[in-house]
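The structure's right below; bear with me while I get my questions together.
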Amino acid sequence: MNVISATVFADAVVSVKAKGQRFRHWRAVLILLPFVLLLTVFSLAPSAWLIVNSLKVDGDWSLANFSDILGSVFYRQAFGNSLWISVCSSLAGLALALVTAASLRRVDCTLRDITVAFTNMTANLSGVPLAFAFIIVMGTNGAVTLLLRKAGWLGGFDLYSQTGLILIYTYFQIPLALLLLYPAFDALEDDWQDSAALLGASRMTYWRCVGLPVLMPALLGTFVLLLANALGAYATAYALMSSNYNLVTIRISSLVVGDISLEPNLAAALSLMLTAMLVLVVLVNQYLLGKNHAK
Amino acid sequence: MQNKPQKNLNTTQRYHRSVVFTFMTVMIFPVLATLLYSLSQRWGATVLPDSLTFDWYLQLWQDARFLHAFGNSLLLVLGTLVLCTVVIVPTAFVVFYYFPKLDRWMNILILMQFAVPPVVSSVGLLQLYADGPIPMVGTPWVLVGCYFTIALPFIYRALATGLQGLNVRDLMDAAHLLGASTPAAFLAIILPNIRKGLMAALFLSMSFLLGEFVFANMLVGSRFETLNVYLYSVRGTSGHFTSAIVMSYFLFTLFVTWLASRLSR
Amino acid sequence: MGFLEVSGLAKSYGQTRVFSNINLNIKEGELVTLLGPSGCGKSTLLRCIAGLTDLDQGSISVLGQDITSLVPQKRGIGMVFQSYALFPNLTVAGNIAFGLKMQGLPAQECEQRVADAVALVELQGQENKPVQQLSGGQRQRVALARALVVRPRILLLDEPLSALDARIRKNLQEEIRRIQLQLKLTTIFVTHDQEEAMLLSDRIFLMHGGHIVQHGSAESVYTRPASAFVAGFMGSYNLLGVSQSRALLGLEIKGQLAIRPESIYLVRSGQLGLPELGQQYPATVRHHQLLGNVIRYHLDVEGSSERLMVDELNRSSAYLLPAGAAVSLQFNRQELQEVQ
Amino acid sequence: MGFLEVSGLAKSYGQTRVFSNINLNIKEGELVTLLGPSGCGKSTLLRCIAGLTDLDQGSISVLGQDITSLVPQKRGIGMVFQSYALFPNLTVAGNIAFGLKMQGLPAQECEQRVADAVALVELQGQENKPVQQLSGGQRQRVALARALVVRPRILLLDEPLSALDARIRKNLQEEIRRIQLQLKLTTIFVTHDQEEAMLLSDRIFLMHGGHIVQHGSAESVYTRPASAFVAGFMGSYNLLGVSQSRALLGLEIKGQLAIRPESIYLVRSGQLGLPELGQQYPATVRHHQLLGNVIRYHLDVEGSSERLMVDELNRSSAYLLPAGAAVSLQFNRQELQEVQ
Amino acid sequence: QDMTTLIAAAKKEGTVNSLGMPNDWANWKDTWAQITQKYGITHMDNDMSSAQEVAKFEAEKTNASGDIGDVGQAFGPIAKKKGLTLAYKPTTWKDIPAWAKDEEGHWAVAYTGTMAFISNNKLVKNPPKNWDDLLKGTYKVSVGEVGVAAQANSALLAVAIAKGGSEKNLEPAYKFFAELAKQGRLANIDPTTALLEKGEVEVGLMWDFNALGKRAIIDQKMFTVSIPLDGSVSAGYATIINKFAKNPNAAKLTREYIFSDAGQINLARGYARPIRSNVVLPQDAKDKMLPVAEYKNAKPIEDFAAWEATTKTIARQWQEQVMVYKK
């Protein structure tokens, strides 16, 4: 990440010279300084620490941490679970937010304002309070669970399971997805749907052939953010299932804050791999976006 | 016959409304559950609570430690938001006005904030700043910095959206020709126009930050007790009590957001 | 019986009435323009015909067949929107092929017809460009091709040229007319530019205040406006009031007298003028404007406080009258038009 | 010595040269238009003059004083942008007062001058509206008032009317000219609409391919184009090639012959024509277009494959020539223009 | 000897900061209140896990925020090995059994807990008395954070001990829980106060002092607490003093107080079993304890080295041997 920022600012300097407005632009660069400083101290430096420490075993440089992780079924399962839950909840959150956002544009503005404000509020329901709220509603003896059980409609649903986790992740993804996605709908012009209708397209066809493709960059961008959000989420899963569900973040935290042993280096290696996974997703996203633009 | 399309319109209208209402209902369920739980004397393995009470709130709001923690949290969040505003707003402006190409990189940088979970980076921060040249751990300052990185993506994105919608170049040129210096033009023209987006992002960040726990507990803990550290430390008392805490700051954010939207109208 | 018949159309948005009792009768292959000031309801009327907006009253039929309650997909109407409404995710060819794909045409025929349409609007070589990379004029052509390729029975054009700059607009006006004549397409063209309307259309429907206030050929609407509004809207008429027209021309009128600046004859000193037009009125040139092929003189007429505009062809600078020059005016009484 | 002198201006963006060696010399109180096709560098030139873009070479001086390296704030230049660049957070009055506030004027004087400016552009009663609520034409006025209220020495207008519709555009053209004359403001007006340029300006600078290709009064540029490009850009010239012009008029030329449609005389059968113009060329009417006050005939001339356009005033429908009518044409040899 | 000088020095420091010693754990509340009242020393706690405490000591070095911490017994030697502890032997040192203290005074166990069952009376008709009852029941069993929390790991050890395993061999425990998982009765939740209160926990496994303490807070009649009769395990919690403590004397005084009669009685009132057996407990404290008879098959952890090695594998084994059967 240091490398990235270095090239970023090298870029900036080059463009300053090219434009020839050296003085004005140097002042502008100065304004960026506090930002760069804060980011370095609180984000880049710990990340650098992470990289360095992931490469150390008992004080010596080594790749053993990584080979350990890759060689372990246990950690591979953690990655698998994390990815699966994140992808599922991001897709579900995205889909629901998409449907809601599409309708939100069509309702009168009072209702719209209320919904947006409300969504804003639910965006901060996460972690322990969220897990507990779900337990009250849908836990083994939750209010809704009991009702459904009485009615005999409850299948094998268990909140304390992968399904439950996906459900609860989806819940905290929706507001974020909605808030991120909603402005993107401004790009859709009403005339398009009318135009498509006159050309013989039904509403569904319109969405399939025009609406969704146009929203694609926003959808992709939002998806990546949601994925990152879910992959890095820890408190909610932990509050619901403690460490009984095998997720990367939970493994990481148990290595640094557990009661048993302390292996910050292994944790660093795990985090780095999580980060690498995310970077990969970001790159794929950028590539897809680029392709979309080029088209 | 002419009424038929009319009816059609109404059904689409009704469809959209029902989608939004369904969304609201589903989303509000957990919130209502927490509220009800915080208001109930006892709510075991039953559909509805046994009896309602206001005791938990009374108990909570009489606890000096809670009030203190609440105060600390507010101070912290406020400080962070001020810092964010002071640092990110000029940065976003500089990016859009002078170096538009940087925006792409900024977006990547921002995404990176999501990549390292707080549990992990808190360990790094602990090692780096507990001792040594900048011993910040244990002071609220380190939290302000960490919260800055948490709020950054939301605030920057909101500002970027606002600035994109604004014809920054022409507006600045016009202001320059009318005799304004760059800082003056920024303050008088650009800032007021991105204010709305900024405010929204600030309130979103506020609710995020009020709920932050990992950094607060790991880096500062009881030396500057925040709301969630307090919540964690009294978690053994009662679920009703902790629900009351959650609802308290929930309603608080709701109130502040509402107030802000009222005032900004 | 016309090809497209619209009768008794009325539409309100809530309490505000947009128009009422609109009747149109359009022949096959005819291009009519719907002309009117901004906000008079032109777009709404077009959308009603296309079925995109539901109407409160009235009926629409094509060849005697009532289509009032048909969904837009089945009306066989093509439309070009003011914003073009091109699908930004598709290429030029993709946009044009959209309607054909919806009809489920075989790929080969589809391709052939797209190629024909591309040729028709002269966009060869641009087929695979994303539409965002096109200029305004090119976008307009794509929108036109997209509407035409499905072979609609009726083409609706909602101010398709208003977003373009003057020079491109002129080219495209001619092109639209050429294509429309070539395909013999029944077309309604909406505009608020009277020059465009005159240039293009077989007939003009002039809309104002929710009604069709006049309709007929371009020439008849231009030269015989039914009201001061139409006169003002169609050109730079000289409008004389009751007393002015009595003082100047000795004419007793009820409303206003509309005189087109090009129907007044300018007689230079030393020239004789046209004997068949009779009386000459002395006047003084105040200033002139160069309008390209025409020079517009502003003159003070003796015995009248009215300043009149008179147009002359910009034939040669040798003929230019300087400010202060004394001239005489002659009026062609047949061209004087009394309006309300 | 002119009021505003620009000499040897050159500007490139990276490798692409926008323009080079641009020289302008503008007198005090003059309104000149910078006319040219889209993308020829008009806006860039204007921005260089205002100091908003750095130039590579050349100098700019006002009244002999070099301002090349002055910051925009100190140049005393007012500018109206194509996008208007109104400050969306301020009201009409707030926008207009902005420049005065920046000068630190006392509130009372500020108010007085804003009121004057509002009156000048006839926006009384709109002072406290947010600018978003204004129509396009009103916005344009606010932008103008905002630029004028600080009493700039020079006013730059970058296509201020291109976003407006035809009718509003005409009104505002006249208004801008009125205000400019009233304030005697040295003004550069950028446009790509030649009619607008002719209507408004004392002098026209025609820009093409990074150079000023012709300049002079509207009349001289219109009637004596220096090149085929100018001829084509300024109006609907008939352009004849070497062989055509030899065959038709017996003229030996090197480039092309540009003939304005209004400079050709149409002699109806039975009429005599103008003896001073000499030879009559028989022709046949193909069709005509109504351009409002002018009717444009398209004719085939005997012994030539070229179709010529000829304009006549739309005097009376009695005079209208039907398609197929046989007529004669006369050319005013002084008005024939040889161009490259 | 120097009690007076220690008290004076501690009073001068005036404050003590603890890690992982919250009010609701083993009745630390009373101890803190009494220290404040008696010596005028103010106190703040920052609750965290044992590993976090050690990590914090290590990371903060001289900028120490915690003076004293309470960690699982296993962490005492770890902290000592890392050189993070300050040795101090309270005056009652000789009363502490040898297995429960570091010979140099770097750590000392103040109380022990024994693995117990806590059952919700409303949801569980026949509260389990021994491990086999668990397998026969129809309720769900919550173990907590296996592999992460010492308490949950000890639950596994308790099963192993009951079923013939040892610190080295947890196989019986894995088999046992796998069986529960196959029956679909292994709950994935941590039996926290809030979840017990909400009725989400039907049967939970935790230290006796935790179980009794939570029961007292929530509702005495709602739960039954018992020690598994066929075998259980006891483990101690040790205090460690930060080598870099800002208030070393106050920390020493705190340890002194914890091992005093009053301090040990406080722990007993918090349902923990004080380490000093020669303290005479008041009746109210005695009443809070479970009958001594239930403890007859409870054994302390003996082979710490083996147990430390085993715990590192638990997280993984748990996933591989137990969670795979979870439905």
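Per-chain numbering from 1; labels A, B, C, D and E assigned in written order.
By definition in this document, contacts are C-beta pairs under 8 Å (C-beta built on N, C-alpha and C of every residue); 3 or more make two chains touch, one makes a residue touch a chain.
The UniProt protein names, listed by chain, are A = Spermidine/putrescine transport system permease protein PotB; B = 2-aminoethylphosphonate transport system permease protein PhnV; C, D = Spermidine/putrescine import ATP-binding protein PotA.
All of these numbers come straight from a predicted model, not from anything done at the bench.
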Least hop count linking subunit D to subunit E through chains in contact: 2
State the smallest step count from subunit A to subunit E, taking one step as a move to a touching chain. 1
Name whichever of B-E and A-C has more C-beta pairs touching across its two chains. B-E
Please work out the Cα centroid separation of subunit B and subunit C, and write it as a whole number of Å. 55
Separation of subunit B from subunit E, taking each centre as the mean of its C-alpha atoms, in whole Å: 37
Please compute the C-alpha centroid of subunit A, do the same for subunit B, then give the distance between them in whole Å. 16
Return the distance between the CA-based centres of subunit C and subunit D, expressed in whole Å. 24
Note the residues in subunit A that touch 2 or more other chains, in rising order. 132, 136, 141, 256-257, 264
For subunit E, which residues are shared contacts with two or more other chains? 48, 52, 55, 123, 194-195, 198-200
Quick one: in the complex, what on subunit C touches subunit D? 37-38, 162, 165-167, 192-195, 198-199, 218-219, 222-223, 234-236, 260-263, 289-294, 311-318, 332, 334-335
In their shared complex, at which residues does subunit E touch subunit B? 17, 19, 22-25, 44-48, 52, 55-56, 59-63, 65, 120, 122-123, 192-195, 197-200, 214, 217-219, 222
Residues of subunit D that touch subunit B when the two form their complex: 47, 50, 52, 71-73, 75, 77-79, 81, 83, 85, 87-89, 98-99, 102-103, 146-147, 150
The residues of subunit A that touch subunit C in their complex are 189, 191-192, 194-202, 205, 209-210, 213-214, 216, 295
Across the complex, what residues on subunit A touch subunit B? 1, 4-5, 8, 11-12, 15, 24-25, 28-29, 31-32, 34-35, 38-39, 41-43, 45-47, 49-50, 53, 96, 99-100, 102-104, 106-107, 111-113, 115, 117-130, 132-134, 136-137, 141, 143-144, 146-147, 171, 174-175, 179-180, 183, 224-225, 228-229, 231-235, 249, 252-253, 256-257, 264, 267-268, 271, 274-275, 278-279, 282, 286
